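What follows is a group of structures, each given as structure tokens.
In the two assemblies presented below, chain A is common to both, partnered first by chain B and then by chain C.
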Partner chain A sequence: MAVAEIIPPSRFETSRRLFLKRGFGSPGSLAISVIVFVVLGWIAWSFLDWAVLRAVWRQENVEACGQGGACWAVIDARHRLILFGTYPFGEHWRSALAALAIIATVVLSCLPAMWQARRLAALWVLGFASYYLLMEGSLLGLPQVTTDGWGGLSLTLFLFAAVVLLGMPMGLGLALMRRSEMPVVRWFAMGLIDTIRSLPLVTTLFTAAVVVPLFLPSWLEGDKIWRVIIAFALFFACYQAEVFRGGFQAIPKGQVEAGKALGLGYWSILGRIVLPQVFRHALPSTINMVVVTFKETAIVTIIGFFDILASGKTAFGTAEWAPYYIEVYLFVAAIYWVFIFSLGQYGEYLKRRMTLSER
Partner chain B sequence: MQAALVVVTLLAVWGAVSNAQYNLTRLNMTSGFGFLERGTGWNYSFSLVERSINDSYAYTLFIGLLNTLFVGFICIVTTTIFGFLIGTMRDVRHPALRFAASVYVQIFRNIPLILQAIFLYAILIHMGGPRQAVSLGDVAFLSGRGAMLPGLNVSPTVAVALLLASLALGVALILARPVFWRGLALWAGGSLGLALAVALVLRPEGESLLSLPELQGLRFTGGISVPIELFALIAAITLYGSAYVAEIVRGGLAQVPRGLVEAGQALGLSRAAIWSRIKVPMALRSIIPPLGNQWIFMMKATTIGIAIGFSDLFYITVNAISQSGQTLELIAMLMLTFLAINYSIALFTNWLNARLQLKEH
Partner chain C sequence: MSKFLAAGAIVAASLAAPQMAAAQSETVKQIEERGTLLCSGHNGSYFGFVEVNDNNEWKGLDIDLCRALTTAILGDPTKNQIVPLSWAQRFPALQSGDVDVIIKATGWTMGRDTEQGLQFSLPYFFGGAQLMAHGDLGVTEASGLAGGTICVEAGTTIERLVANYLNTENIEHNMVSYESAAELRSAYLANRCDAFAAWGPFLAVLRATEIDNPDAHVILDDQLSAEPIAAAMRQGDENFVDVVNWMLAALLIAEEEGVTSENVEEMAATPPNPRVARLLGAEPGIGERLGMRDSWAREMIAAVGNFGEIYDRNLGKDSPYKLERGLNNLWSHGGVLYAPILD
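Take a look at the complex of A and B:
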């Protein structure tokens, strides 16, 4: 037999065979496969039957609700409330555009072409500014809407963008302080990081909302929403500082020494040698941190902000829609899930790509 | 530069304190801890021990702390067990099991915990009264009033004592450093045996060892009644947390060197034996540090109980603040308590990790 006749099977063929062998090769594994797929299939089918096949979609057909199918009519009727909260109805296009600006900012910062500190900073400042200008309105000559009127998904996205934008430089600052050669500065950063990380986020936010005004003179008190954002950003910064610390540790000491030997100052070494590599090393964990932050913004509902969770609760708060709370919660959960899952998958992809390129 | 930082910090603290004094006098509030002796006069949802609305603030806060520790401890145990199960499923070779486990992880990890808790609570509260309860083999029931579970026929105080004894046994076993699986078996067997023995001695005269819930008229009697808030909180934290623990466990199992597994195969060990004797003991060394962080996270996560009306320490503190106005003292106590709890968990996991490290010969 000629050697040439032995052709290695394709990768697809190999995985297909492995799948069949491991899943159906022996009576035991066959039984497990059958049980798992029957259970999963049953769950998937019941859900499909409830959520699609027997569902009522349009607001006009609301009388047909409550007969064993999902009542998506509640979303049809109340989606504006869930997405935009109590924002003036006629101005909803502003809230929608503003939310899109934040989403576009996040999507654009996933492009490798944007991965330079200067470009990313410019992008986020731009995205955040366009959000603020659109929502607040007075600077663009539109009717003014104060932060009390913001709500729903738009508010959630606003909190998220503000926290990341403020928290990122704060985190870098804390990470640098923690590495400082001056003991007082180092202890200060370490104490702050460890304390904030040990406290539940909701206590930190509650303190900012309720307790901090007692300590501040009235001219410095500011809006409740800004105090909470700053506290949230501090929380983000303390975790992000640890992420940056991991990045700093990955850089060989010799590089800093080489910079010093060339006569470069602290800031040149930092800006031209160390930080570009730190950012690169810290990127996957940073994305993870950003995802966690998006998830944690849901906490603000406890201290009385009208985020998407609270606006969802209001959406089924009337007697007419009260029985359809499951549909509303599923809708809100699906929005969160799409954002968090896609960002998370992107982070996983990036991690794989980076470990490959390091080999 | 350092001096500048010190001066700025001191100035900020001084400014904050003087402002606080000014604001407190303006609002006519007295500072100090005298209020702790006063009766509260308000009620709340859950307590492990006897309580009344005339309890002092100190005692009410203590109940809140007890509730937080109780929920946190239960969640840590359930999440760790469940997470190990799911994480192992993600590591086995069987494609259907892997698929099911990753579906689970992707669903529950990517939805905010507080949303899951509120959602679950809403579903449970709409389940209707005890007559419409869902029955699990007629020994456990779930209804809109809560879960009814079979329990040992002993008083709550004895049950708490048993829980603590089981905890002490676990610590003692870690100190004695047996083989991991033997230790686990000794702990489970010892706790169970102790519980049965105590129940045998202390049960009410002439009654059975176990107390089973039973529907009598419009309500259940017997068994352990778990209020709906507590049940929803534990279930939500467990579902969410175990998705994270599963990822930690999967990562740890994946880091076990292939050579060790192959050595086990060469020795003719079964796959179960390779998992329990080689993979888990080796993986534990890289699992414990992130698992400890997850435990701390779970302790902190109990604070979302306030969103569904469970009276944990944060809930009690917020209520106490709104009722007594002693904001600064109460927040300071809350923060110090959480610092102490989480610092202890960190110490414990560091110690556990040091115990589990391989000895270099």
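Take a look at the complex of A and C:
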């Protein structure tokens, strides 16, 4: 008996007791809890009933659709359109491999073992080159697919990865320029950041996609997709620069001065003293920016790209599948969730890893 | 700027060779050099006009017209490239040369024709705003909706059209706006509105496909507007407009004369009348005067069929939508489509 009193109750036991006490302790809270649980249970049950029990899964059984259950047959029939857009049907393996290349590149970049400028640069060049070679194809002797035909999940992932990977160094550069001691550089960075931030993303992208070719010479024009990626990356960089600036401001001046007193140069102070702390301070907002950017890639639909959301809309844009748009939206939402949830979890891991030194 | 260049090139060309009757269009020349025709598609679909099938291939009325034009110019229906464009992007994309022509359910308006620097072809489709109401109300025209609730999509031209029309006709009504077509549809189906207003063909498609009992809903007779839908091109290349116009004309003449994708070779070998002979290139003229091959119309009809076949396949009786021809029939069958004279 004495032993039981000394050992503190487990965390599970504590929260269970707390739950029972707070939720069911008094008649009032008991009533509220019961009502809440009944309603929640009813919602969960109706969803389960709709999405699983009465659902139609296979394309062959499409006649059974529309009788109160979900019609996942639309996904069965149209998933390749949702995942790959209008990429030629026989070449989908290329689009799938290219998407895997981007995922692998992003996952590898997230591993601490890769965090050296040379390794990261090699990885990114390799990752993006394999994506381009597979998708475009003519350099590998495969049938050529121009960027107009790129679409679906592969395009969304590519846009996201390219924007973040280009935008992150650009953002850091802008943040440093904004702290520069040379007024011209400082004013330029401030002007650029404030201009881009005061324009909606849609306007920026529309300008890059549609207006720029009207005045650029055709040899400088490049493909629409590159112009859009650069504009999007610039947009990302301007916000990210402000995130970094917050990180810089959190560092006491004395550290830089101490570095100088020790005779360290600008780059040594920056790379060994300032930046590691800046990254740590800026981490939560950076993860936030990255997640928002992943979702914002859907905006490219207004300049005619077939990102995964636009492909989804096309999937139910025909007479046969028109009634089942909810199923398609749920499918696309699930895909977004998988990626964004993983990003969030990675952010949590980074935070734990970085705060180890502070414990 | 490219517009000025193009205009300059045309001026230079007309000074250099004023005697040439069959001046080839600059745009056609570019298309031939490139080997593909760049057409507009739509990201996100547009029932019957632009869709993507289960094999990720484009289909629809607008797509078939693009294929027809591709066959006419390049002799091969597969040599087109569909560039997905959003609504807002289509005109700038045409001006910057991302596409050669816009065939995308685009209405012919004065502003587009003048300020936006576009040229339009013959209209190939007529459709306007209409109202759909619950059948149990027993109404057949808008006056029967007095005192009712009418739902529209917010911020569209339809919203303004409905208000204008009902106010002019002195029909009392409550208007409720919804942000998206999906919301609008579910509000209507949940009986929150007595009627809802949208583009006629869209209503018909909706009634045919998404509503369990199509007979329980009526599309009212009132035409709130009639928009001529036409292909749009850049200003400054009249010869290209000629090509697109005669492409549409040839499809209509073929339908009038009963030339179909199946009997076109027979008809070309033994033309029943001089008009068919000229159309199919058995008598010369149809190609040379446009700077093209004499066989272009024959190849085009063999590839995509005549206008009636294209309509039936995508919107009409062979499609899930079963849309009546109505206004979009030949003049000889009570519609308003007619071709210029092939002399």
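The definition used in the following text is that the second predicted complex is superposed on the first by the 318 of 359 C-alpha atoms of A that agree within 3 Å, B and C clash if a C-alpha of one lies under 4 Å from a C-alpha of the other, contacts with A are read in each partner's own complex, and residues count from 1 in each chain.
Here is the rule we use: a residue touches a chain if its C-beta (ideal position, glycine included) is under 8 Å from a C-beta of that chain, and two chains touch if they have at least 3 such contacts.
Bear in mind the structure is a predicted one, so any value in this text is a computation, not a measurement.
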item	value
Superposed partners chain B and chain C on chain A - clash or fit	clash
Chain B versus chain C as contact partner of A:301, first or second or both or neither	both
Which of chain B and chain C A:40 touches, first, second, both or neither	first
First, second, both or neither for A:336, with chain B first and chain C second	first
Touching partner for A:279 - first (chain B), second (chain C), both, neither	neither
Partner chain(s) touched by A:32 [first = chain B, second = chain C, both, neither]	first
Partner chain(s) touched by A:325 [first = chain B, second = chain C, both, neither]	both
First, second, both or neither for A:188, with chain B first and chain C second	first
Partner chain in contact with A:210 - chain B first, chain C second, else both or neither	both
Chain B versus chain C as contact partner of A:132, first or second or both or neither	neither
When the two complexes are fitted on chain A, the stretch of chain B hitting chain C, from 9-17, 63-71, 117-125 or 243-251	117-125
Residues of chain A contacting chain B in one complex and chain C in the other	206, 210-211, 213-215, 301-302, 313, 325
Contact set on chain A toward chain C in their complex	66, 77-78, 80-81, 84-89, 146, 148, 206, 209-211, 213-215, 224, 301-306, 310, 313-320, 322-323, 325
Contact footprint of chain A on chain C as seen in their complex	1-2, 41, 43-48, 51-58, 81-86, 88-89, 92-93, 95-98, 182, 205, 208-210, 212, 319-321
Of chain A, residues touching chain B in the complex	19, 22-23, 29, 32-33, 36-37, 39-40, 182-185, 188, 195, 198-203, 206-207, 210-211, 213-217, 295-296, 298-299, 301-302, 309, 313, 325-326, 329, 332-333, 336-337, 340-341, 344
In the complex with chain A, residue positions of chain B that touch it	1-2, 5-6, 9, 15-17, 19-20, 23-24, 93-97, 99-100, 103, 106-107, 109-116, 118-119, 122-123, 126, 296, 300-301, 303-304, 306-307, 314, 318, 321, 327-328, 331, 334-335, 338-339, 342-343
